[in-house]
């Protein structure tokens, strides 16, 4: 086995790659959070529950409608996004003018309800979802066996993340979004249908979590608390990246996955805490986060 | 009402509310094409509220507001701009998440014949120099320039301008007076809220005086002389 | 250092990403003066204020207050030394009563601001002084009013009363009459004149009427640097000032 | 005579969490069946049942049991799944001299370092699992082991005892990783197992953790490279796995529904009420309740000391408890079973999940009584 | 605090309550009420939403529990130690978090609390998932046997009253006056020479210490310290209690705690257990959408409207 200064390089590369895979989920989820935060200045605490919902939707689509993985990858985000649209329209908009803390609490409530409902209906021991046939098997890399599906996770999430980033940072639509956040009334006066834009963007941010949920279903067991466990980590990632920074969310998401992978290799006991430790350090040095602008 | 020009804005019995508080109590006024009309009054008289009510930026409004022949009182806010309206708010509304140039390019064009970016940069060299700076990093006066420039670009031909000389150096204020005269000559319709009466007096065709959410006086440019006393009592000049 | 100058800056520079907003400014503010800082938009006036009160950190240069270097002090510490600023937007505590607004300022010197185990009744002894200050700005009758309900001009007056409670040696006023109706402009101008008696005032102001009426000394900034200094007559006669700031019709505006 | 003129049984279980399939509503059903089979009353007084969800949280569970005993007249507590909850609850029951019939917990602490004269640990424990599953594999010659362990008391205990068994049989533990309870992504642990050079990877976990770790092992090709042994596999968990992944794996259980006529009969009744076949804790909960009620009847009182004495001196014997005794330390010793998870091709029905390979006699499965826990 | 008739009646009720209700349940309500009051000091009076406040509850509990089990400290000293420990942790966490505002502050406190959660999960002295079990209640001042529920109840009541008094005093103190000003207009407070972060920090420490007091006391009551008390769900629960009762009101958190504990207790038996999260979630949603002033806040509004 290849070693370097006493380090098992194969083991290390393997952990880095696994870290990158986890980072792909972090990136997708923190991207959705960052978009919603950037647009509405609210923390969507339900993002984790919606990720869970996405996974369950994929499972249910297969069980009850015979909708397979590939179709689910399109259909589920649409359905979940529609749910986000309804949520924005009927729950969040009524309190849009209140302190943003209220929307945090509201979405917290939504998360509890969703998680509770699914626990009630499906129990919390977890359901299985098969890896699609086209992605079964894997490749023997020099340092590890890489299942095809895991490779697909990296590719698909990178495509989605970069595409989203480009849309928000580099297009006129993105400029409308950013400006609409700051002063919606004025944007309306300029002739932009801000409420519609807000609703659709919220739906999009939520749909990203739904997408991540579908991606996760074949590899993580589909269970009601799959969202709440990952959510807090994703919050820390968003804080590290700089709240509302789209690029920051993506890069930090992937980066933290890798950091976690490294920790699992060198000091596994700390792998749960390392992201929070990084967060503390970043806050001390750069309070607005790595890519955030000082408020 | 003596104007013979086509009416661009006609307001009848406009009431406006912020939540529970009733701010405008039945405003009647009109502005004709190519006219420059000011709203005068003390702090809190309701002048800014009148402009915001026209743009549907208040809590609730009743009455009638006809713009270019279209009744807008029940129109969604985002459709009003497309009637050719340009609004420059008193708090300027520069977006901090956009740089100067993005701010400038932001409002969608509502008509095709707006002032070109080159002309704007010529008019306000400060903006050209700071074009890649974050919008809200501009000095107070520069932000004021940007807010005005931004709507000139859209080609709006009915301008609602709120305290645009606020915080500007005298030399710029003079320049603005010239700009407004030019716009008027191009046929633009301007409704101006001003504290700076010395700025407004020479360029305006008419003045409305507001107090406590009512229009209490209408003064034509040629009557200024005669009504100075009256204006003094209203405005405390 | 001459004790005549309350505040001095030496070669103050502030750069923002390659853009020099304040360029080698050496100001001397004479004790007891009303000193006005004027200049075109974007000249760097607000930035100078922000540097003096440490809302921004200078890129280089020194700031001396009563001859002591305060360049590296924190905002709150500078305020405690006696340099107090007003903001362009009205700075009051809207949900405290008018009297409480002033009391918050008076309380600082009591040294009990961290005493969470004592009753706030011990603050009642500050009421007399607070009322006195309110009366000095013409707000005597409004002591118990809620601050949100005050008119713009009165909020401004309250802000000044609060500032006075700190007994500042140096008050920094950024466009104190901005957005005010003519009536209020005069009220505030008179107020500034009145409170300037025992202290020094540095103000930014575009209203030349106010500047000419109040300022003992004027510094004109342009593109971050000092263009000229002097009293109103000298400065306004300077052709460079006329061109860059006042415009051709300066006299007319002044009238 | 009976305290408060009735016998009241509290069923504390995980009604909605990760162990809900193992001992949740099913445990309540099993206890209800026992009470009904017993006739619904004892010594002429009604037998009542209360139940609650402990959410797998020791604080929740112990607070409920405290209230049950101090203000709701509960005489005996059963269910008891997560070992952490059971630990906290048995402190309360012992303080209040009430009997705890532990139907589902794995930890062996309740009859060793945390033993109590009021504990009856019924269905199985980690010692039986390790002895049952690990010993035969090592004896087959697979001597190098790596553990993926649930990072809490249960996993630690299971790993510890399994390691002792391995060493005693001349094997070697080459490494172990601790994965937090409820880990969703086991890939990095699987990579470590792969890199360890072991022959067998022991999964010292349970429930969803077991399912997820095994699935990931299959995905990363680990099951091709080395043997995987599930140290605690409940039927519902085995059932949820693709037989292509789990088929052929050896594990140890205290009960399997398809063992004999008697067990099939009871299991059919259970399935009728609960919709699923019983897992071992369900059978254990029934058996324990039945034995308790019999003892109350025989003693003519629900006084805990008297009842416990009788429970220990009479042998439990029912469809679950074979060759059984409740030892002085509170350990219920009975036959355990080494089973193999069936391959897809072998399955005759969806419930055909295990095949019994051999019966492990109780005295081989469980450790002897520690002197400190011999209360008599 | 004025000794009004209202307060005397309340105190009287509190004294006889254990003869009517199950004392342990009452103690639970008092502990959570104190926790919620401490939390409300930050949220209601400084405007800071600490979304990880459970960490202080839990730290107090673990420290007290560990010491009571291993050193034979008397209960009052054990509780004092837990309170101090939470205060110290609050001092560190406060330093890290008060620089940020609004939602940022909420996120930072949440993440910091999660850090501690994993520490408590993995540290050797906390018992992991098991928690610390069988903690002795001990003898108050070495004399009074607290294993008696009534004795324990009056001890807990005294602690609660002390905490409640201290919070009220803090709100109505010279310090509280500055907090109010900071909440109203932070830049202005700075310009008057107040280091606003120092004041926020001090309030944070007081709140953390009192949350620790609540946690320490709760640990003694239940003779158990567990991860539940440091989990983010607990942080969410205290927000719910405060919001439901009425944030920024004096009695709101107490009422909120009583209602939430009552609901949980009611639901914990049997079938309904499943619905706890759903119902809590729905209460959150309804409160936010329709009753932002909470129970006490809404009552105050009605009283104001009709009687003044």
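Going in written order, the chains are labelled A, B, C, D and E, and every chain counts its residues from 1.
Basically, a residue touches a chain if its C-beta (ideal position, glycine included) is under 8 Å from a C-beta of that chain, and two chains touch if they have at least 3 such contacts.
Quick caveat: nothing in here was measured; it's all calculated off a predicted structure.
Counting steps between touching chains, the shortest path from subunit B to subunit E takes 2.
Among the pairs A-B and B-C, the greater number of C-beta contacts is found at B-C. Our note on geometry: subunit A versus subunit C, Cα centroid distance of 48 Å, whole angstroms. Between subunit C and subunit E, the centres computed from C-alpha atoms are 44 Å apart. Centres computed as Cα averages put subunit B at a distance of 78 Å from subunit D. For the pair subunit A and subunit D, the distance between mean C-alpha positions equals 37 Å. Not a single residue in subunit C touches at least two other chains. For subunit A, residues that reach two or more other chains under the stated contact definition are 119-120, 269, 272.
Shared interface positions of subunit B, i.e. residues touching 2 or more other chains, are not present. Touching chain pairs in this entry, ordered by label, are A-B, A-D, A-E, B-C, C-E, D-E.
In the complex of the two chains, the subunit A residues touching subunit E come out as 37, 41-43, 91, 94-95, 98, 100-106, 108-117, 119-120, 232, 235-236, 238-239, 243, 269, 272-273, 276-277, 279-280, 283-284, 287, 295. By the touch criterion stated above, subunit E contacts subunit C in their complex at residues 166, 169-170, 172-178, 180-181, 184-185, 187-196, 198-199, 202, 206. By the touch criterion stated above, subunit E contacts subunit A in their complex at residues 49, 51, 96-97, 99-104, 106-108, 110-112, 114-115, 118-119, 121-122, 232, 236, 239, 243, 274-285, 287-289, 292. Subunit D meets subunit A in the complex at residues 16-21, 24, 177-178, 180, 182, 184-185, 187-188, 191-192, 194-195, 207-208, 211-212, 215-216, 219-221, 236-237, 240-242. The residues of subunit E lying in touch with subunit D in their complex are 22, 24-25, 28, 121-122, 127-131, 133-134, 149, 222-224, 226-229, 268-270, 273-274.
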